[in-house]
Structure formats: structure tokens, C-alpha cells
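We just call them A, B, C, D, E, F, G, H, I and J in the order they show up, numbering each chain from 1.
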């Protein structure tokens, strides 16, 4: 996968830096491709974070996630990479990701990970 | 946004100040306008608070929330500002807000914040 | 509201006083009247308690709650008064009340309170 | 209400005029204002039609419906007017509208109407 | 039950008399009293009608239904009487009523009736 | 099964014999016993009928259905017999029964039958 | 698949042959094997029939369906064969089958067929 | 109620005594009789336990619960007695019971209790 | 869109041509691209058909639908084209398509069409 | 049950060993056989684990679970054995299993267990 995926992400200044508060974003139309079978993969990405100085701009997040459309990537890598990319760009106080993928072979998978500065 | 939004809020005396109890208010018909695209925004505002000396009068809360109808305001600002306005008027022992917004571009967002004197 | 409302409540002896256990009662057909507009109010009353020596007799509880049918009473007062009345009659080790009211002006309200001897 | 509301509607050529087929559009974020109380009104507009030579362009439909945001209009008028406006612009073989409005005073209302050339 | 119950009902002129269309009204907070046990009764009243020259004014309908609050009336009588009262006042082209009552003794009951001039 | 089961059923006079209307009764707490294994059987009995001169009194219906509690009876017999008993007592213009039984061996069964004088 | 599958089915005499009534049987734990990939297949079989002289004995039906557990059989064949087997054994006045299979490759399939003597 | 109810319960040896694990059993077809009105009572019994040396044999549990079918017993007594009986027979490390009863007079009741050796 | 999309579709012989029966296929993971905005589109394709001599092979259907992944195509064209392609290949006695697309700008769309030889 | 069941399981290297994250796998199409009655058993297996150096390869997990199809095994043994097999192969930092089985005799059972190195 080409590195500059996260370069599309934009942020804006957190107007309430004095308060710990949570932003939850649910993106149910994630799709990528299985790197072994090249079959399409569908999932829902849920991101929860406590912003520090910057917040994620939502339109750029949508475009960032669309970049995975034709990428071959494993479930575990997708979840961890999205977390790394987003945390790298907004430097949150706390961030979690939950990536739920639809069933394949009758089996569904969810990968969850946490980034924290505390 | 014009400042005197919160001046419309009314309160009444808490009849049970000796007890910590919780009032949850769900307002599923919140609407405002996106300050960038001027497209309408729809959401559900949930407020939970432990009153101290004053409680929020519900009809005035309804009118307060209706003032956002044609205001351009970001998700994060709306949630934090409603929390600040309500906490400023009733001075609760504890208050949380949860503002859930309907999907835009296939992505939905929820902003949660807490006010506490403890 | 006339005082002797709680005099209708009956109790019976707890057969298992040696054990802390919980009784949850859900009464979804509560109705009273708004003291300001005299419009009817509808709600669901949920009571959870750990009995000490006495338990609430259910038929008398039903009749007790029916007494509110034509009473003008605020949400917060109804919830706290029912808690006081029931706790006064059965002297529980612990008791909570949750009073959920249906929407008025598009806004619904839930009042929760706790009584505890611990 | 100013007449040129429907002038914002755009259409495109039906590519399959030789076949009767149905297009259903659900717009759950309709809002207008009650002409008597000036309180906001919320509803879901469902349109089903069999196109003849033209189809409704969806973005222009969204903008058309947004024009009602600050208009005072009765339920029955809103439903019948939207039907008249859309049928007037696309001249469908058959069209139905269903306008469901959220509860007011504990009572919800749905208005349904049919336009047909058959 | 005193006769002038229906005198509270108000109507307004149907603005689209040239078209057969349907108005559905759902009132989930109906309550009356059982004429045998004097226990409260709860139900949901659904009215669907095709207006002719007049439509039912909703606020007067709410007040009309509230008149049953302390009346002793059987399920079958309530449903048929509401149908007669409403049809008598608006003279619809077609009208149905569905009155669903909550369980008593583990058994729930729904009464449905139709008024038609066709 | 002893014959006089239906003798417990009571009726009352239909106050609206001039109108065809429908009464639906749902009794979700039916229980009997399997005549082969003597294991308990659970089900929901739904009765819909258009009354002629008489209506079924609900409390007597509850007691009638309770008589099956310890009776050994097949699904098909239970459904048809209840239909025969009720139709025999109220002589309806039309009556249907739907008897849904909970799963046994992973398989659930519903028996439906119709009585009609038309 | 070995032919004598249906020989395990048992029937009993219909006690109400003078009345057309319906028996619906839902068996949600059907499993067989894909004849091409030898991967397991899971589904829900729903049978509805109007009995003539005989009814299907349920325990034998359960054993009949279990015979498919390790058989390789296509969806369309399974549905039609079960219909043929059951109709052959009970000679119903009318019978339908609906066989819903869980998703494979993200795609789910339902096969429905009707047997009728009318 | 005759004492030897629990004598029907059978157990088998826990094959994994070296590990704390949980077995949850849900029995939604519990029925008994109200000792005051002799009306039938319906409920769902949920048992969760951490086995020590013995596990509950499920078929004997089913037969044990069926013994309550025609017994007159209060909600609170039923829940606590089942807990005592089961804990007495399998001597678990930890056990909870939750007995949910269907509504009577519009009010539903759940009784929960815990047995623990810790 | 390149023409040979349907060339990937495979069929197999209908084993029950003497009987009219229905095959319903639900494919909830359809995705394509909007030809105007190049934003991704997501939908569920439901196909119901009565086979004549040939049935659709499911794996080839999955691959056929995946070809739309990066194609720019309007809702109405997608639905009608899939119907034409499938009907062209299996020559069914009857076929319907229902294409439900997820909301864009808060508005969701479903296109339904029918192919019939009758 | 033959020992080498777990030999079919494959693993791959955890690409994010520096982070504690969770993988949840839901397999709703588990089936085995009751060792006493030889009747089929159906259930849903949910596995949650924090990988250390290796992750479970999903296709091999599917094949591993399919090996139980014709094995006679008790609920408690199945859950604990799957946990032991999987933990043995991937040596996770933490792993839980939840095995929910469909009702038999009206009673459903869930077995939960935890493996931890902490």
C-alpha cells in the first residue's frame, strides 16, 4: 500500500481544549480487497477519540477511507493502520478503533485497538 | 451565533435538594445548519444531570434548542455550547451531553462531553 | 396531593431475610396530569429494591400507582415521592426508581433516584 | 408559500421508457413549520413513481424539499403540494406520496396520496 | 357516557376535495376505565380516512379522546362510538378505526371497524 | 378431554349488530400437555371474529383456555377444537384461529383454521 | 442421494378432514453439504400445507430432515425434493415449501415451490 | 410444596475443574400457579453458575422445573428456592438466578439472587 | 461500461422444469461509483425469478456483480441493466429486480423492475 | 474425539506485537452431535483474543470448527476444548470463548471460559 494515504487527512483546531470530551465517528461503508483472494471486503469503522489540539475534518476522513477501496489489506493491518494514521495526524489524548467486517465463510471478524498518551 | 441564546432558558426550584438524583432529557428533533455547506444538520441531543438548587424548565429548553434551527454551527461547537449554556443556567452537580448527528457522506458523528463540580 | 396515598400500600414478610436479593417491578401504565397544563402524562415506573424484613404486595402497589391518575404532579416530584412512599413502607436495604415519561413537545424525560441505608 | 418552489427541480431522460419500473425515494429529514403555532414540524417523505419520459434528479429534489424548512404549511397541504409539484415536473405514469409526521401532543399523522394517468 | 362528547370536535375545509387521499392518525395514549372492574384501560387508537369536504382538526381530536379518561366503557363500544362520532362530524368518503388495548389477564384485544359511503 | 369445556364460556350482546366489525384476541400464555410424551406444550392463540348477535366475554375466555393446562391434546386438535367451541357459543359471522406453538426438537408449528357462515 | 429418504416419514389421520385448515412447520436447523465444494450449508425450511386425509408426524419429519446432514445437494434440488417427498407421503390438498439458505460469498438464497391438487 | 422436588436433579462430573468458567441456562417456559388467586404464572428462569466438581444435567433440570407447573408459590419464593435447590445439588463456586415473570395487572416482576462460596 | 459484463455469467440446467418455482437471491454487498461525483455507491440487489430451462450459477453471479465495483453508473441504469443481463442469460419465465441504495444527502433510493414472458 | 483436531489450525505473524489489541471472531454455524442422543447440536462460537506473536488464520479456523460436525461432544467439553486448542496454537496474551447453543427441550445454554497468561 502506498505510504502517503494519510496525507489526505485534514484537521481543524479544537475549540474546547480545556475539556476532555469524546467524538465518535461511524463509517459503515468501508470496503477494501482481500490480499490473498482479491475478493472484496466490507466493514464498519468506528473511531472514538478525545481531541487535544486538533480534530479530524470529516470530509477528508471520508476520502482517506475511500483510498482503501482497491487496496489488498488484512483485517488486522487495516484496523491498526487506520489507528496509526489518524492518531499520527490529530495527536489525540485517547483514541480507539473498532473495525467490524461482514461474514466470510460464515465467520465475521472485529478488530479493536487503543491509542493512548496517558 | 448571537450570544443571548441561553437567556431564554428558565429554571425552577429543585424540591429534593437533599438527594442526588438524575434527570435525563432526550430531544430527538434538533436541527441546525452546517457553517461550511449551509446544508441542514439533524441530530438527537441527550442531557443527563444531577440538579443542585435548580432544574431546567422543559418548555424553555425546547425553545432554546429551536434557536439553533437556522444557525451555522459545527458538531463539536454545538455539543459543547449547549453543555456550557445549560450548566451555566442551572449550576448542576453533574451534567453530561450526548449529541448524535445523522449520517453525512455515509458517516455519522456523536459528540459527548461532561461538566462536573466534583 | 392528599397525604394518605401511601396508606393503601401493603407488605408481606420477606421469607429470605438472610440473603441480599433484588426485586424489580416494571409498571408501564403510569398516568397522571401535568399541574400546569392539566394535560395527561404517561410513563413507565421501574422499581428495584433489596428487601429487608418486608416486601411490597403487588396488587396494593398497582392501586397505589393508580391514585396518581387524576393528580397534578411534576415529573421530578412524582419520581421522588414514589421512592419516599415505597421506602417508607417497606424499609428496604436499597431501592432505586426510574420514571420514564413519554415525549411532550418532542422531548422525553426520565427521572432516576436512589434510596439506601448503607 | 411562494409559487416558484418547483422551479428548482431538475429531471433527466428516462433511459428505459419501454419498461414500466418503479423508483422509490425516501427522504427522512423533512422539516417545516406549523402555520398556526410556528413550532417546527418533522417528517419522512416517501415518493414512489413509474417514470415516463423523465426521472427526478435527486440533488435537486433534496434542495426542493429543503425549501419547506421555514415555511408554515399544514400536513395535508404539504403532502398534496409535493405530489402536485413532482408530478407536474416529471409527468410520471403513476406516482404516490406518503408523508409521515412525528408525534405532536402524543398523536402522529401520515398523509398519503396518488397521482395516476391511467 | 354523556352525549355531547363529539361536540368538542372541530374540522377544517379539505383543500384537495378533487382527489381521494388518506389521512392516518395514531393516538397511542388512549385511556379509559373498565365499566365492570373500574380498573384503568390503556390502548392505541388508529384512524384512517379519506376526507370529503372536511378534515379533523388534530388538537380537538386530542381533547375529544381525553374525554374518555374517566369513562367506564367496553372495548367494543369505545371503538364503534369513536368511529360514529368522527364519521358524524367529518362525513368522510371512507373511514376505519383500529383500537388496540394492552393485555389484561395476559390477553390483549383489538377492535376494528369500517365506515363507508361507497 | 371432558366435553363440558365450552360450558364455561360466557357471551354478551353485540351492541353494534348493524355493522360488520372485527375483534382480535391474542392469548400468548396457552399451555397444554403432549398426549404422547406428557411434556408441556406452550403457545399463542390468536382469535379474530366478526360478531353477529353475541360477543365473547374475555374473562370467561381466559378461564376456558386455562382448562387445557393439564390436558393431553395434539396441536391440530387444540386449534380446531377451540375454533369449534368458540364458534358454537357466539355463532359469529366469521371466525379464524391461529395457534402458534413454541419449538420442540428445533421445529415450531402453527395451525390456522377458519369458520364462516358466508 | 439414496432414495429411501422419505421412507422414514410417518403420518397420522387428519381428525378434521371436513375443514380446510393450514399447518405451518418451521425447521430452522437444516444443514446439508454443497455438492461442489463439500462445504456445509445451513438453512431454514418452512412448510405450509392443507391436510387431506393424513398429517405429517413431527418427530419423523425431524428425522427425515436430519438425513440431509451429510448429503451433497444443490439448493434448488433440496427444496423441490423435500416438497416432493412430503407431498408424496401425506397427499395434501395444497403444500408450499420455502427454503432459506444462509449467505455464501455474501449472497443468500431462498427457493420456494408449490404443490397443489386444485 | 412437597420437599423432594430437588431429588429429581442429576449432575455429572465437571471435566475442567481447574478452570473457572461459566454455564448460563435459560428456561423460558417456566409456569406455576399463584398461591392466592390460583391463576397461572409464566416466567423465564435464567441460571448462571461457575461449576466446582459437578455440573447440572440439563434434562433433569427441565423435569425439576416442570414440577412447579401446578404448585402455588410466590415469585420471591420460587426464585430463592430454585437457587437453593440447584446450589445444594451442584455446590457451585458461584451461582445467580434471574426469574422474570410476565405482567399481571399491567405490572411485571423480576427476582434476582446470588449464591457464592467466595 | 464495457459490454461483455454478462459474459462472465454461468448457468446450469433446471432440474424441475415441469414446476413453476421461485429462486430469490439477495446480494447486500453491491458497490459501484456515481458517474457524476465519482463517489462510491453501496446497495443491496435482490433478484427473484421463476426459472425455465436454466438457473443462474451463484458464484458467477457474485463475480458478475463485482464487475460494477469501479464502474460509473446511475441507479436506474444499474437496476435495469442487471435485469437485462440476467434475463438475457437464463431466459426466465419471470424475473424481478429490486436495487436498494444507501442514503446520499439523507435520501435513499430503491429501483424495482420486472421482466416477464407471460 | 480424535486428538489431531487442532493440527489443521494455521497461524500468521502478528504485525503489531507492540500493541495490545483485540480480535473477535463470531462463527454462528457451529454444529456437532449430542453424545447421548446422537441428535444434532447447533450453536454460535464467539472467540475474543489479544494476540501475542501469532494470529489465527480464519480459513483454517473454519475448517477446524467443521471437524466437530459429526462428533459427539458435550456443551461444556466443546467450549473448553476449543479454547484449549486455539490458545495452544496461538499462545495469546488473553483469550475468551463464548459458546451459545440453541434450545433443546425449551432450554438454551451458553458456556463461557477465559484463558489468560496475566
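Basically, contacts are C-beta pairs under 8 Å (C-beta built on N, C-alpha and C of every residue); 3 or more make two chains touch, one makes a residue touch a chain.
Since we're looking at a predicted model, the values are computed, not measured.
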Contacts shared by chain G with chain J include exactly A, F
Chain centres computed over CA atoms; the one at greatest distance from chain B is chain G
If you tally C-beta contacts across C-E and across A-J, the winner is A-J
Equivalent interface to D-E (more than half of contact pairs same by residue no.) among A-J, G-J or C-D is A-J
Chain-centre distance (mean CA atoms) for chain A and chain E, in whole Å, is 52
Distance in whole angstrom between the CA centres of chain E and chain F is 28
CA centroids of chain E and chain G: separation to the nearest Å works out as 46
Each of the following residues of chain H touches two or more other chains, namely 29, 39, 42, 102, 104-106
Chain pairs satisfying touch are A-B, A-G, A-I, A-J, B-C, B-D, B-I, C-D, C-E, C-H, D-E, D-I, E-F, E-H, F-G, F-H, F-J, G-I, G-J, H-J
In the complex, the residues of chain G that touch chain A are 39, 42, 102-106
The chain I residues in contact with chain D across the complex are 74-77, 79-80, 104-114
Chain D partner, complex, touching residues on chain E are 14-16, 19-29, 51, 55, 58-59, 61-62
Counting only contacts in the complex, chain B reaches chain D at residues 29, 31, 39-40, 42, 66, 69-70, 102
